[in-house]
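Dropping a structure here in structure tokens format, bear with me for questions.
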Amino acid sequence: MSATIAREETPFRRFVSEFAASRLALLGLVVFVVIALLAIFASLIAPQNPYDLAQLDIMDGRLPPGSKSMVGYTYILGTDDQGRDMFSGMLYGLRISLAVGVGSALFAAVVGTSLGLLAAWLGGRADSAIMRLVDLQLSFPSILVALMILAMLGKGVMNVLLALVIVEWAYYARNVRATAMVERQREYIEAAECLALPRWRIMFRHLLPNCLPPLIVIATQQVARAIALEATLSFLGLGVPITEPSLGLLIANGYQYMLSGKYWISFYPGIALLVTIMSINLVGDQLRDVLNPRLQR
Amino acid sequence: MIAWSIRRLVQACFVVLAMTVIVFVGVHVIGNPVDILISPEADQAERARIISNLGLDQPLWRQYGYFLYDALHGDLGRSFVFNEPALKLIAQRMPATLELAVTAVLFAMFLGVPLGLYAGLKPDGFLGRAIMAGSILGFSLPSFWVGLMLIMVFAVQLGWLPSTGRGQTETLFGVPWSFLTVDGLRHMLMPAVNLALFNISLVLRLTRAGVRETLPMDFVKFARAKGLSPARVIFVHVLKNIMIPVVTVLGLELGSTIAFIAFAVVTESVFAWPGMGKLIIDSINVLDRPVIVAYLMMIVLLFVAINLVVDILYMLLDPRVRLERKS
Amino acid sequence: MTEPPIIELRGVSKRFGPTYDAAARLTRSIASRMGSPPRNETVRAVDTVSMTIQRGEVVGLVGESGCGKSTIGRMVAGIMPPSEGQILFKGRDIARLSGRDGKDAKLKVQMIFQDPYASLNPRLRVADIVGEAPLTHGLVSRANFDTWLDAQLHRAGLDPSFKRRYPHQFSGGQRQRIGIARALAVQPEFLVCDEAVAALDVSIQAQILNLFMDLRRDLDLTYLFISHDLGVVEHLSDRVLIMYLGRIVEEAPTEEVFSHANHPYTRALLAEVPRIDARKHRFTAITGEIPSPLNPPAGCHFHPRCPHAMPRCAVDAPAFREIAPDHHSACHLNEVPA
Amino acid sequence: MNATVEVRNLRTHFFTRAGVVKAVDDVSFSVSGGQVLGLVGESGSGKTVTGFSIIGLVDPPGRIAGGSIWYQGQDLAKLSEREMRSLRGNRIAMIFQDPMMTLNPVLRIDTQMIETVLAHARVSREEARRRSRDALGMVGIPSPDERLRAYPHQFSGGMRQRVAIAIALLHNPDLLIADEPTTALDVTIQAQILAEVQKLAVEHGTALIWITHDLSVIAGLADQIAVMYAGRIVEFGDATTVLDRPLHPYTHGLIGSVPSRNKRGERLRQIPGMTPNLLSLPAGCAFRMRCAHADVACEAEPPVEPRDGRDLRCCHPMDQAA
Amino acid sequence: MAMFGARVIWGTKMRPSFRMLSFVICLTLGRAHGQTLGIASSAPVTSIDPHYHTFAPNDSFGAHVYERLVTRNAAGDMIPALAVSWKVRDDRTWEFTLRDVKFHDGTPFTAEDVAYTLNRVPRVKNSPASFSIYTKAVTGTEIVDPHTILLHTAGPYPLLPNDLGNIFIIPHTLGPDPATEDFNSGKNAIGTGPYRFVSYNPGDRIEMERSDDYWGPKPYWKHVSYRIISNDASRTAALLAGDVGIIEFVPPTDLPALRKDSRVTLSEVVSNRSIYLWLDHAHDGPSPLVTGPNGEVLARNPLKDLRVRQALSLAINRQAIVDRVMENAAIPTGQYLRPGSYSYVPDLPPTPYQPDRAKALLAEAGFPKGLRVTINGPNDRYVNDAKIIQAVAQMWQRIGVRTTVEAMPWNTYVARAGKLEFSIFLLGWGVGSGEGLNPLRAQLATWNPARGLGTANRGRYSNPAVDALIDQAMGTMDDGAREKIIQKAMKLAMDDVPVIELHLQKNIWATRKGLEYEPRVDEATLAMGVRESK
């Protein structure tokens, strides 16, 4: 550790170089970025809009990969029971799954982090109130909560998102509070107090950034978890609308065809889900290692 | 310790209270169980009779009041569907879920810990990396898909194991258990593995992380400096330290497995396992409120109990906590 | 009437302990009724301490770990409030100051921390660490910021070209300089140095100590210098306070302490400090352990380890009295009629 | 007198991604029974790695890249792990800096002591327990029988360090390596530990390597002093000689910056600059960037030369410069 | 009449339960030879009490242990059971002659048991769906002798035998008000049926043992294990793995593969369960989920216009749905009943697929640019329910009706449908009675819950002419004359397109190779019907 290093080394740069030390994690990141791009530009890439019923024809239903459609193009990964091009369906489904996964993780992180920080900072009654709420949330099985919420609100991407946020925020809150409780004892926070900086400034500019590393790790896990949870909700008949299937719903639908040899209806979305979650986990794993101060590197 | 228990208990009471209110309102919002249960050919008089029979003609707050009154007298109500006390229904299903969850957690422990230990000791070796990659699979694969694959391979193709159901049971303490018979164990194997997959991955990762954090610690180096064999250093000095988080997590996982995490419901559905997960899903489907309420109350109590057990285990494992609490 | 002392502590105490909620209170009361009185969980880290520090002084505060010296430092620096007693800054109780006055009083007392790694926010650049508070409080304008900052860094012995860097890119000694620059940036009059050189390598320690002395001369600073290292304190301080388990046991000008230590604890400390000039000798040691602050011995806290302990030492806490001009000590031996 | 351990040209390097860190580079010294060697240096100077090299606990990516460590006619650097293990904790023992961290927090003291006895001696558990209890008594722990059943966290820091010392001394080692064992302790406790250790070294004829950054501690304890800087021993000799008449500018500066060596209230004599990064060491003398006497000659690595009763690695010794 | 009137099936997907091959087989991996039959049911039996809950799986199971006075054969025809014969004494009195048999506990079956049972049915405590709807026509009983009983009705009631075909007879020796729990425990589970009840493990299985005293043909299987496997794929897997001998409600998705699989035999029959879309007749003003082509609110409910209803029906390619979605596990239909049933209307064929005419009709009705509609449907109740509405939506897009699809679980769905929140929504109706008066009374008669008419008329269709014909049929005791009236009413109603009929489901069972099942119109899966194939 020397100040004689000429290049300006920001914590971010250092983090990047440490992250890149694992080729597997780098591969995971690349795959994830590709997947994310595919999802974002789904409407440009996909030969069909699988959510437009007018473009589907059940007479094209359950065609094996490589079949020609009635209007001329090739279903490279086959079609599902509604005649939906699997490839297009997967791209769009990926978009929904990722949106749900990333969106819920993000919102939950914002809500959970704010409450966790607040609890740690205020202490006393506010702390116990928030933490009891967290306990309450955590002592309910997450899928049950999601089920009840969706049963009450009805299906829909936004509702799934909301349900997942409600399910997940407590994880962030608990973790942020724990980290913040440790961090706020650190001398740099005392120094900031000594400098009579405003409390909100200490909280958000000093405390929060230093609570982020464990959060990032949790967030990657929660993204994967949310995607899987959404898939399970879809399997159970809640979740996203059937005409706009997510990856999970595609798998759940195709699952019925597993025994009949029409493997492609659930196999390809299954692979896509697997690769997505694996890439997120690979990235998360490496993040955990890089960001863990207790690991000697 | 006692203060902690009191706090937990009071807290549990609040959770139960909040939960029952939520369920009453939630079920009310979702729909009317009579719509689902009643024969569509029934006339108005019949309909009115059933509604009043089930007490659904009362305003919601009064229904809740009656429920509270009965609950305080130990009666959690009867299932609309089965006409049996809700508690009895749950008690009937509980052993099946309990033994499945415990088996799954045991799997997680006896596979996850050794694999995690290996991966932690050889983080850069091929096998170590392979184990980690495999554990990601455990996180990633949808369990309903894995369940069906297991059935396809081991029951349909190979014919080694029965495909679904609970198999023969043997009664112990007046409760039927399937782990007491060979047939029961054979039935349990696949659902337990299916259920354990996630937990194996979890435990494996925890163990690995623990090993990697513990190995550079001074006391490990000191143990080596004492001339101890590597086996003793790893299995006594390292393992005993990492068992603390592992046991904690396993305990909590056991709780949520029993209390119906996503996988338990799906597993029970795929393997036609007559456990509580199926019961609660079915009950939600028909809005069988007494069962839903009773089930959730059980779950909250179960969580409190498991937390208590985990805490005690924690104390047994970690002398620092133990002695602090004792005094 | 001369000006009031820059810092004065009047009967200051600090207690740490768990706060009991309803459930805990209930069990404690049940336990006590059942004949097992609940254990005391409250630590009296600082026990009725009074002291004054005049402008321009360097006061050394010496004691072993857990004696409460850091707690005093933090209370003086305004990081934690005292449980009892008053802390006066230039004659005004800082607890009663509010708004602008309170903030000013707070800024006038700054602190240098022990751990050069933990005391700097790892996610901020040096420029932000040093400049944030002055900018927030309007002590420097945005326009002049760059030149001002360069001067601040330069004063602390840092190369101003490093200002865009992050703390992890610096060595321990340089980090300590950053911490000093941060404290000085708000134009304090009083510095609390809490073991400020304990974590540094020997060669660096000397550099930082020199910096402290230079700054004192240049900026007319007053120091409360907290340390367990008698050598450092002896070198730097005008006056020394010795603490043992939350209480001040002896106070005297530095020369006096090192030549005529009165309290048995002070004498033991002085005897046991390793000295580079003492070649290959037999170490002899004061017996016993430092008692737990949860259960301090009754009477004089030091009596279980004191070679001169008398029966009354276990009962009465000795008064802190003047035994020579400017020399105070809390020991019953001093009361033995001559 | 025959040396208990003799280190010759030891090189322990760490092969990291960023490059090779020469933590220990061409280090030679020897210690004899009953003697105390003070290994002095600032953080990162390689003194701890030297200790670990002797006891064979250098972990990857580090390894002994050259040199030899002679103990009773065998080169420790060439022993198999199994052979080394039979010496470790038995003939050669080590204690660490942080007494809070050296004992396993979840194992009782007796477990941790008995396993050490049994690792090297074929005795019954009762005998092992008896020896453990005796060892505890020897290091001044009251009511050792009772204390055996306790857990580490029930001890204070000083007590824990005593337990660690007791464990290290269970087999009456020929060599004890102590890595800053009193740094984390209070002055009064440090004095107690120093007194115990001094007594034990004398009574058992154990050779002691005392690793520290604190010259004051060493001054009272050591027979010989080795001063390390950036992986190399720059000055090695009799304690009194080195402390009274330091020849290497670094040793000289180090002694000079101790406050009690200076007049009260005056500026301390200080060594300018910072301790170097071992990854980017300049060629030649590692100290030359901070040395007032450095010149072109220092750009070549100075050899170790005997001078005035010591081994010195410097082109411009203080007596010459002065 | 309705032996399987649209009963509520409970749980996920309306696929009945089946029985898994028994645990003995699982244990030994051997084959059962007339010893044990595993049946896999798709939905749980909620009670052993035969009068607790009108629920198809309960009846399917109940038929093993209990018997009715009158029952139905596989083809759905009424046949004698505990009643040897019955006749109409006068318009308000029926005479039943009873069979001389014994209950499982040895007590003889007499007229007293019939009276006792009819008396008990409306008194079952807490029943969420009482069988009293089938006994309320009986106003009095009169025991003539132990084997003859007279049943009185308030007025002419031709459907009495059909209604009684739902009531299982239990012995009067059970005493007043036997408790449901005592049935579940086995204490009261006493009938005259071919199997004796052994044990009930809720949600898992029911064990039964052959009754050797049974008066009818001796069942082939000595032991029956009636198991619950509600997951479709698992059910098929259980059959393929040999764990059960027969599964019911074979999922259509597995049909193509199973048809080719040499390990299994399929048996199928067209059922009386039709799947159709309700249209909103309740709102005269705007219908909740129908708007103009650009989303504008319409002043009048377009579904009130016959041309719009016809257009929507003509736009549906029923054969495509049957082929592609239902995997031929259904046939297109234009009415509630299967061909060949009593009161089936021959000149009411499935609506043809004529998209061009549909467009023309829409234009004629004033919607040349089409409409915007939402189809609602459950996603956990009928076979392929959610897929069907998607397919319909596709087809409607092609005539310019922009259709969105919203599927939801039955529990929310049924509540919202009840509140008339939908405009077009999918439902199914199984005519258990096997004749047309049942759907006419429940579905197409004007909504009048007080009279028990139109109780399932969820679209609030109302046609006075149809109502009059229903009343007329109800008073006609002669079967031939009544059939004519029913057919007339049905034709009149269906030409008015109150609902859009889509298809009739097939009931499909799959058995292990070497076994065969006589497929039943009424969906019941009976161990008595499973035989070794010749």
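For reference, chains read A, B, C, D and E in written order, and residue numbers begin at 1 within each chain.
One rule holds in what follows: a contact is a pair of C-beta atoms (placed from the backbone, for glycine too) under 8 Å apart; a residue touches a chain by one contact, two chains touch by 3 or more.
The model shown is predicted, which means the values in this text are computed figures rather than measured ones.
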Problem - Chain labels contacting chain B and also chain E - result: A
Exercise for the section: Name the chain pair with more contacting C-beta pairs, choosing from A-E and C-D. Expected result: C-D
Practice task
Return the distance between the CA-based centres of chain A and chain B, expressed in whole Å.
Solution key: 24
Completion exercise
Whole-Å distance, C-alpha centre of chain B to that of chain C, is 53
Fill in the blank from the handout: Chain centres from averaged Cα atoms put chain C and chain E apart, in whole Å, by 86
Exercise for the section: Pull out every residue in chain C that's touching 2 or more other chains. Expected result: 21, 171, 174
Fill in the blank from the handout: Touching two or more other chains in chain A are residues 1-3, 151, 255, 258-259
Practice task
Among the residues of chain E, pick out those that touch two or more other chains and give their numbers.
Solution key: 12, 233, 237, 240, 380, 409, 411-412
Handout entry: Contacting residues of chain D [partner chain C, same complex]
Key = 42-43, 156, 158-159, 186-192, 194-195, 198, 213-217, 219-223, 239-240, 243, 253-262, 264-265, 267-272, 274-275
Fill in the blank from the handout: Residue positions on chain A within touch of chain B in the complex are 24, 132, 135-136, 139-144, 147-148, 151-152, 224, 228-229, 231-232, 235-236, 248, 251-252, 255, 258-259, 266, 270, 273-274, 277-278, 281-282, 285, 288, 292, 294-296
Fill in the blank from the handout: Within their complex, chain B touches chain E through residues 30-47, 49-50, 53-54, 78, 80-84, 89, 92-93, 96, 148, 151-152, 155-156, 159, 162-168, 176, 182-183, 186-187, 269-272, 274, 278-279, 281-282, 284-287
Practice task
Note which residues of chain B are touching chain D in the complex, please.
Solution key: 217-219, 221-229, 232, 236-237, 240-241, 244, 317-320, 323
Completion exercise
Contacts from chain A onto chain C in the complex sit at residues 1-3, 5, 8-11, 14, 124, 128, 186-188, 190-198, 201, 205-206, 209-210
